[in-house]
């Protein structure tokens, strides 16, 4: 992954996921606030959305694992080179391992939301584990690199482990909009920082090279990281505002039907889940 | 900020904020305890106070950012010096970044307390993030300085990250007077320690120079830090006592009117918020 | 313990315990979900199972302690060699200390589940302490070894301290199936990783030697650790699915008797315990 | 404090406190379990005990501070030696600072339990702060000592910071017997470890000298620390058992009087406090 594209790709992925989550959680929060009006929609939509989201992530994880293995210069499932006595394409295997855990998390999420047997909080727990494993592998990735290279990746770890911790807290405080939006902004931060790493370590033609050992560069990069975070917070805030406003505007137009009594079973399920 | 005034200024700011918070939270706690008597005042005052406080902080943050940019020897919004190939006035930019996050936190606080849509705990979350970012930038500030210089700033980090953690806990235990007063004392500690740093690193004329490499100085400074904390705790305790006593004395004089029934809506809002 | 068998033995032990726990907690969770049907069985079985489990662990701990002392090349309760002026067989004493804490934990668990006086959460607290002490002794075990040796043991510490933390959280969230299954998978991870350590550091004849200073080996080992964890998660998931399915299948066959009213005292005890 | 007595003294103090706490909390727990019988006694005794305990600690702290200042070779309130340009008796000042925080904690505890205005959890918060400050000063105490010296003090820090954390958790889980007994055992551990440090670093005549740089000594000391902990756990368990048994035996003898209705006010206070 030692090139610009190898950082831009996951960056874009995390940016899209972060944007999507901020819309989803805002929508879900807004519809919970106006329960009497859009009660029906929210519940069914919610489950369906979670399953679709997990399926997409599962698909991406599978494609990612296959791609890492079978790209022209990939390992093609070969792990050890017996002739030269060294491990073969460890990088590709590491990325595949990261995808594997996101795949497991997505598979569990599908199971949890289609079948009723497994406790629902498992989707958060496995997601937290997947993000933690991502950070764990990154952490042991950095051994023996140059100062700036290590520093930009260390900064990335703050976003990753912060995200893992936030999602783990969601296991116990499920549906807490604060944690959910914090997770979104950390995800966006991760995405945009991947792009930044690409520009810093592998500047595309036309962009200046960075001096890897200049201390001022490190100081700037740290500050730049905070700007990315401010930008991520702003994006989440804007999304939250737009979605809340749209939900409220739409509600005023639709006449509110009283159909609560027909839905007793569903309502019970929901209140059960709230616990 | 490498001078005495550059440490005395934020020090004074944090001292004032700490004092103000200890008064505010004590007042708020005392009026909650005597709900039947001063119910009306507290609720309206509370919201108004929060908005005023946030507006003042927002103003300070804006003024601070502008000042850091447009002081005579500031960067004037120039970030990179293309002629000499180095970053321009990184210190000023870092301070401006710190102010930016306090500004964001204040802006969110105003939104939360004037409009009813956003969950109220966001003011705490953003404040915790702002304090964390302050500590984060300070932490990467210290690279390559002398022993005593690093040590006094490390001690400062205890107060900063301790404060960030306390405010983050307040997200989940909102209105807990223990956490609020702990936050006040950590804020006072931060303020008085900034003054101490100024005296240690940039002694004004008439004060003795400190030997940056003397191990005994480090031992003394660590102990001195504890004294500052004891002083901060004492200040908060005195403020709390005075405010509690004033509220109780005043209440005995005023006849207690029964006007609770008129305020049903407000009371409901409050109990909702208590959750 | 510097040989293959010395790692395979505890590895097998932790694997068996992990498998057993995943079956136990799944069973217990499934029977709680179907309370009306198998209420009677679960409660009595639960207590009995806990006592049996603790007795077995206590027995193992005692046998382990005696074995460490009285194997032919063991210390035979001698701690200091006064002739040569050095400590005698410190390794054996350390292992015996680890067993001691597991023994204490088991003894407390028996007390807690047979007598009603002691709060029930003590079994978790003492187990968390036992696992923590295991990690604590391992941590100070590593001083002055080769890179790969240190690394594989450090990875083990993640599983151990992660397990200790999970069990400590169970003190406050007792009966939380998520924490319980997470504990199971960390226990399985510990077990299979002990085997892996055996193969890496003391390869049995026929297996290749590992280069202790090769950086690529470290990268591979880190990734391999994640695979072990994925495998542990899978094992727990399979066990949970099978047990849930068996319980549900069996329930459909048995007619549901209404005998709740006869068991008032027992039910009260249980609801008390749920708090 | 560089002598045997300087470690035996605080060691004895912590041992006595730990024993006293384990009796107090066991008693309090047993009387809560048998509320109907000894309701009257417990409540009054509890407050009185807390005030007496805090008064004794306050007295000790004051005496300690005075002793550290005015022993023959103490600083006599002189902090800086202007002639020789160095800090005067920093050790004594550090110990006095530790006592100061325990004194503050005791003073707050007296206030909290005699007056009804201050929230009751402040006694725990200030105690946690006092213990944390003790560990904090110890931590910066260790710079530039020999390996074994550093190691035995680092092990002490585990007991201290563990204790601080446990007491901080008690702020939120007040009256949790698990945390209370864990605190007792960590306090006993601290006490007995102080004695051990005395024997290791300043062996009284007749005891052998320890080699400060022998790696085996470090290994043994780590294990020895675990034995101290096992011993502390055992002591707490024995105390808890004896007290529970005594309370239950005594109750069977006394006839149970129905005087609950007379104590309405008190009972309300208590249930308020339970929240």
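In order of appearance the chains are A, B, C and D, and numbering begins at 1 in each one.
The rule we apply is simple: a contact is a pair of C-beta atoms (placed from the backbone, for glycine too) under 8 Å apart; a residue touches a chain by one contact, two chains touch by 3 or more.
Keep in mind that what you see is a predicted model, and the values were worked out from it rather than measured.
Contact with both subunit C and subunit D is made by no chain of the assembly. In this entry, subunit B maps onto subunit C through a rotation of 180 degrees when their C-alpha atoms are superposed, rounded to the nearest 5. At the interface between subunit A and subunit C, under half of the residue numbers involved are used by both copies, so each side presents largely different positions. Put simply, the C-alpha centre of subunit B and that of subunit C have 45 angstrom between them. Distance between subunit B and subunit D, defined via averaged C-alpha coordinates, is recorded as 32 Å. Multi-chain contact residues of subunit C (touching two or more other chains) are absent. Per the contact rule defined earlier, chains pair up in contact as A-B, A-C, B-D, C-D.
Subunit A contributes residues 86-87, 90, 93-94, 97, 100-101, 104, 108, 117-119, 121-122, 125-126, 129, 133, 136-137, 140-141, 143-144, 171-172 to its touches with subunit C in the complex. By the touch criterion given at the top, residues 33, 173, 177-178, 182, 215-220, 222-223, 226-227, 229-230, 233-234, 237, 240, 244, 248 of subunit A touch subunit B in their complex.
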